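One chain, subunit A, links the two complexes that follow: it is found with subunit B in the first and with subunit C in the second.
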Partner chain A sequence: MSNMEQAAPRSLIFERLGGGKAMWITTAVMVVILAVLPFILPNRFYIRLVNEIMIYGLLAMSLDVLLGYTGLLSFMHNAYLGLGAYATGLFMIHIWPESIWVAMLVGTVFTMAVALPVGWVQVRTGGLAFALLTLAFGMMFYTVAWKWYDLTGGDDGLMGLPQPDITLFGLKLASSGNSTAIYLFTLAILLICFVFTWRVIHSPLGAVLEAIRENEERASFVGINVRRYKLIGWMLACGLAGTAGSIYILYRGYTGPGVMGAFEGAGVLMMVLLGGMGTLWGPFIGAALFIVLKDQLSSWTQDWEIFIGAIVILLVLFLPKGVAGVPALFNRQSGGED
Partner chain B sequence: MFAITVDIILNSLVLGGIFVIMGVGLNIIYGLNRVMNLAHGALYALGAYFGFSVVAVGGNYFLALLIAPIIVGILGLVIERVLITPMRKRSMIYTLILTYGLMFVIDGLIKFFWGVETRFIHLPEFMQGTVSLGSASYPVFRLVILIGIAAVVAALMLLLGRTRLGINMRAASEIPEMVSACGVNVRGVQISGFVLGCMLAGTAGVLAGPLFTVFPIMGHDMLISSFVVVVIGGLGSLRGAVIAALMIGFVQTLAEFFITEMAMVIVYMLMALILVIKPLGILGEGKFE
Partner chain C sequence: MSTTILTTQDLSRAFGGVLAVNLVNLEVRDKMVQSVIGPNGAGKTTLINVITGRLAASGGKVLYLEKDITSRAVHHRVKMGISRTFQITSIFMGLSVWENVRIAVQSHLGGSLRILSARPSLGSVNDKTEAILKRVGLYKLAERPANLLAHGDQRVLEVAISLASDPKVLFLDEPAAGMSPAETDQVSELIADLGTEMAVVLVEHDMEVVMKISHHIIVLHQGGVIARGTPREIASNQEVKDAYLGGDDWAPLSNV
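Presenting the complex of A and B:
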């Protein structure tokens, strides 16, 4: 745990946010590049690909809060993306199609409401059983989405989504059916979520989560209620995943049970591993690499799950810190061990 | 009514028995190696496919029951040496992710070699009829499989209770340092534990093949069910796994009988309920990592 937070002068905005100046400048540059991309890149296909990368990057970042900071493993974090997507979709279809903000709020709140009892049971059982239970509960949500035909449309998925306008303080900006508009909307939400999560992780709360990751027993000795903070980490991760799900269905205009499957869950895990866990920005790089890789692999081989699995194995064996760990490999002082 | 009762009881024993073999295999591996093998379901599917192939090239079902587990066991040895050994000093999260990746590799290889269509293990003539038990009738092959399960469990009990290797295994899962100090090669015991667990998964696959048919992702549901079993029973506890397996087998059979579609949801609910009351499982030892 660091006391830097208290010691540092609070005048600079960078220091108030945590993280270095270089990091925030890089972030700003990335955001600007991403924002102008749809206007200079004429190919809609690539815009949609980048949009997907941003959504999955948000999901992978939310898993990183759990895996990289709290030290808890969730095998099927995509199930919570699915919950957010279904909740948002069903709310817009059946209850109120007008407001995109209310729909997103419903998606996020619903996901957290479901995640609360699940997380409450999971944190009581300990570290390993926690991971196994995420798989069991994830499969449960998948089964419900798949089999409850009357509500979710089963295998066909949720269709006929209305396309409400994107508004800000009552001002109509664009229709969510417009792919450039939804792209910029995704970017904006992503930025808000990233800054929010970064701030939380670099607050005393984040330090507590890291303490739990490093040594649960010792953390409880200094008076930290381990279960409560694990649950807080879980709720944060699931809330972000639900938000990602809300954007997902707005962007796709459709969702099926497929996004909640076990294989997709492995993909999200791989994004975090690929980018490097415990960094928050690593998962975005991981998501970009993974989605481009998947796109390429599936175009030339049918058996790409062998390759995905093999890459996961090789990553764990040889590059456990992901892309973010590459610079350290060239640095003699840091051994790659955890 | 009598017929239905007999049906449910025998079916739940068969299902529970498969869960016992899977859950005990997982727990032996976990207890000795502190590795939770997520590829266990994939090995189970692999066992079923090897069984199918042995029968397809002219072998007997019982021969398949002998050969398939051995092949899966050899594969388990390779997995242990190549993938698990380098992981021993690392945090458990890495082995979980590693075996998760392995699961998809094996799944992919199964699809590559055997294709995606459903396969049926051809059974010998005498197993294809039904037998009448009072006013109820029951398929012979299910009874034979039930006997097979009982034989496997009995053999396992003998191995763990009466042989030197079994006693070493149980001791090494409690205090490996002490066993090592007694002059036993603990690494050897750990490796044989891993191989034994994999063989059990292969056996369960061959036994379950005729029950649920053989298809590439047959291991996924079984993996989840095995986790439910080991978590409810208490991680590392063999007796707990047996109790939990029989209980889940019974509940799942009942739920499938009465509400087909969402039977598994009932099972997960039961799991959550038990974990709320006893967070460490029925016979959990109080320590998790």
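Presenting the complex of A and C:
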């Protein structure tokens, strides 16, 4: 008893954030490693590869909010990354090129504004119908990006993005054209989004989402307005995807409709499954695995999708909980056999 | 006589051309255990489903505290004080026993939108969760994942969940199904106890339980009410005996 009382004040900060001390120490170590990486990596190519992993990790994490916590399958979550990217890009090109922050805010808010009516329709369904609606809406957005040439540049994509300075409280930090600067900027946004999402998922709201995932009918029979909370989960996931999209276009200086395609959407889904859903951090490992594998395989063969597909099949069969499920697997085996 | 909590007026529910619930008039009174019995397919579960909002009514009305709630959303009915368990156990399998009840209490007491707080920070929610789990006897299993509980404990957990919303009327759909005799005794004691605080509507096949703890019984047959009365009146009712396979195995008679 006295032990517990003594331990309580020290762990208070971790309790407030949710998750254990080990988890936050790991996070801090990862952030430090990621922060020094651009100064160690041999060339720009690898910096950009890790940058891409961070952006897609953020997207995959946002999909995990839906898939792993609310129990909703979105086939084309990348469509909302695309919306954020196009909105940010168009705003900078046509309206105000000066501020990276305002452009990101516009990208995120626009994505959520589009996601709201879509979500309103989608949450009236569940299961397979919900998943099919995400596919239908995603394909509509993809087609708009692809065919509305005058606005989006169609197949050619959105080009001529200005490169404003990265500023903080009016202080110029670096140019967004600098790949190390945009890398560190991505890391900072990613950290903010991760801590925020972690906090929300481990709050009373996250408990409601988990209840819906576990048993939608029982959730409504304890008085939860299931549609309303599904919509909240959806909006959270789409807002984060829009933020990821805003960084994506700043990082690439360009976006095309391809980023919104169904094939890409399947890739994001694989990242979540590879890493382990319902963990928030698993999807980052999944994104790293997927993007590194894609990079290695595609330098070796044009048909890299076949091999990624095979690896995913093996993982689904033998590691159904993804990489995040490995420790539990190991514990069980050593506990049972030793 | 205690006050009336809920009534149904000519409540009906059709599946295709079949009337599973046919013009049922029910009066649910406070602080009583009222049982709905009848042979398989009599429409007992369908009746509960329509009253609690799981199924829409095809005709008639459900009045709760004199308000027409026939087409209210499920979560509204729960907030108003109508709670239930299911014939097939419906709990949050992947969550701990504690969290199963805690989320139900949270939904009732509020705080679900406090996104910057930790879950355990809702003090009154914790207190109530603890009280409910102690009452049903599951407090010592609070940490256990619900899917690892024994079947009987899962049934009891569902009762605990349904108590979180401070119901005025509680519908229990075969709570003792699949339970051992010892578990059945415990759960019927709990139900009888709940019946002193709220209106309890019990659907149960175990006639021993029904006859022991019910104040009032309604007999359904082919969707319609064929008899209502005290356990003793029902046990000696010829029409009820006929409804149950011609009366030969109408066991309750011998027990009363």
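Here, the second predicted complex is superposed on the first by the 320 of 338 C-alpha atoms of A that agree within 3 Å, B and C clash if a C-alpha of one lies under 4 Å from a C-alpha of the other, contacts with A are read in each partner's own complex, and residues count from 1 in each chain.
By our rule, a contact is a pair of C-beta atoms (placed from the backbone, for glycine too) under 8 Å apart; a residue touches a chain by one contact, two chains touch by 3 or more.
Keep in mind that this is a model prediction, so the values were computed, not measured.
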Looking at the overlay, does A:Arg199 come into contact with subunit B only (first), subunit C only (second), both, or neither? second
In the overlay, answer first, second, both or neither for which of subunit B and subunit C A:Asn215 touches. second
After superposing on the shared chain, does subunit C or subunit B touch more subunit A residues? B
In the overlay, answer first, second, both or neither for which of subunit B and subunit C A:Ala207 touches. second
A:Met140 contacts which: subunit B (first), subunit C (second), both, neither? first
Which holds for A:Phe263: it touches subunit B only (first), subunit C only (second), both, or neither? first
May I ask you to decide whether A:Arg124 touches subunit B, subunit C, both, or neither, giving the answer as first, second, both or neither? first
By the touch definition at the top of the document, which applies to A:Gly223: first (subunit B), second (subunit C), both, or neither? second
Residue ranges of subunit A in contact with subunit C within the complex: 15-18, 199-200, 202-208, 210-211, 213-215, 217-226, 229
For the complex, which residues does subunit A have touching subunit B? 67, 71, 73, 75, 117-118, 121, 124-129, 131-133, 135-137, 139-140, 143-144, 147-148, 262-263, 266, 269-270, 273, 303-313, 316-317, 320, 337-338
Taking the complex as given, what residues does subunit B use to touch subunit A? 36, 83, 86-87, 89-94, 96-98, 100-109, 111-112, 220, 223-224, 227-228, 230-231, 235, 261-262, 264-265, 268, 271-272, 275-276, 279-281, 288-289
In their shared complex, subunit A is touched by residues of subunit C numbered 52, 54, 73-75, 78-79, 83-84, 90-95, 99, 102-104, 106-108, 111-120, 122, 161-162, 164-165
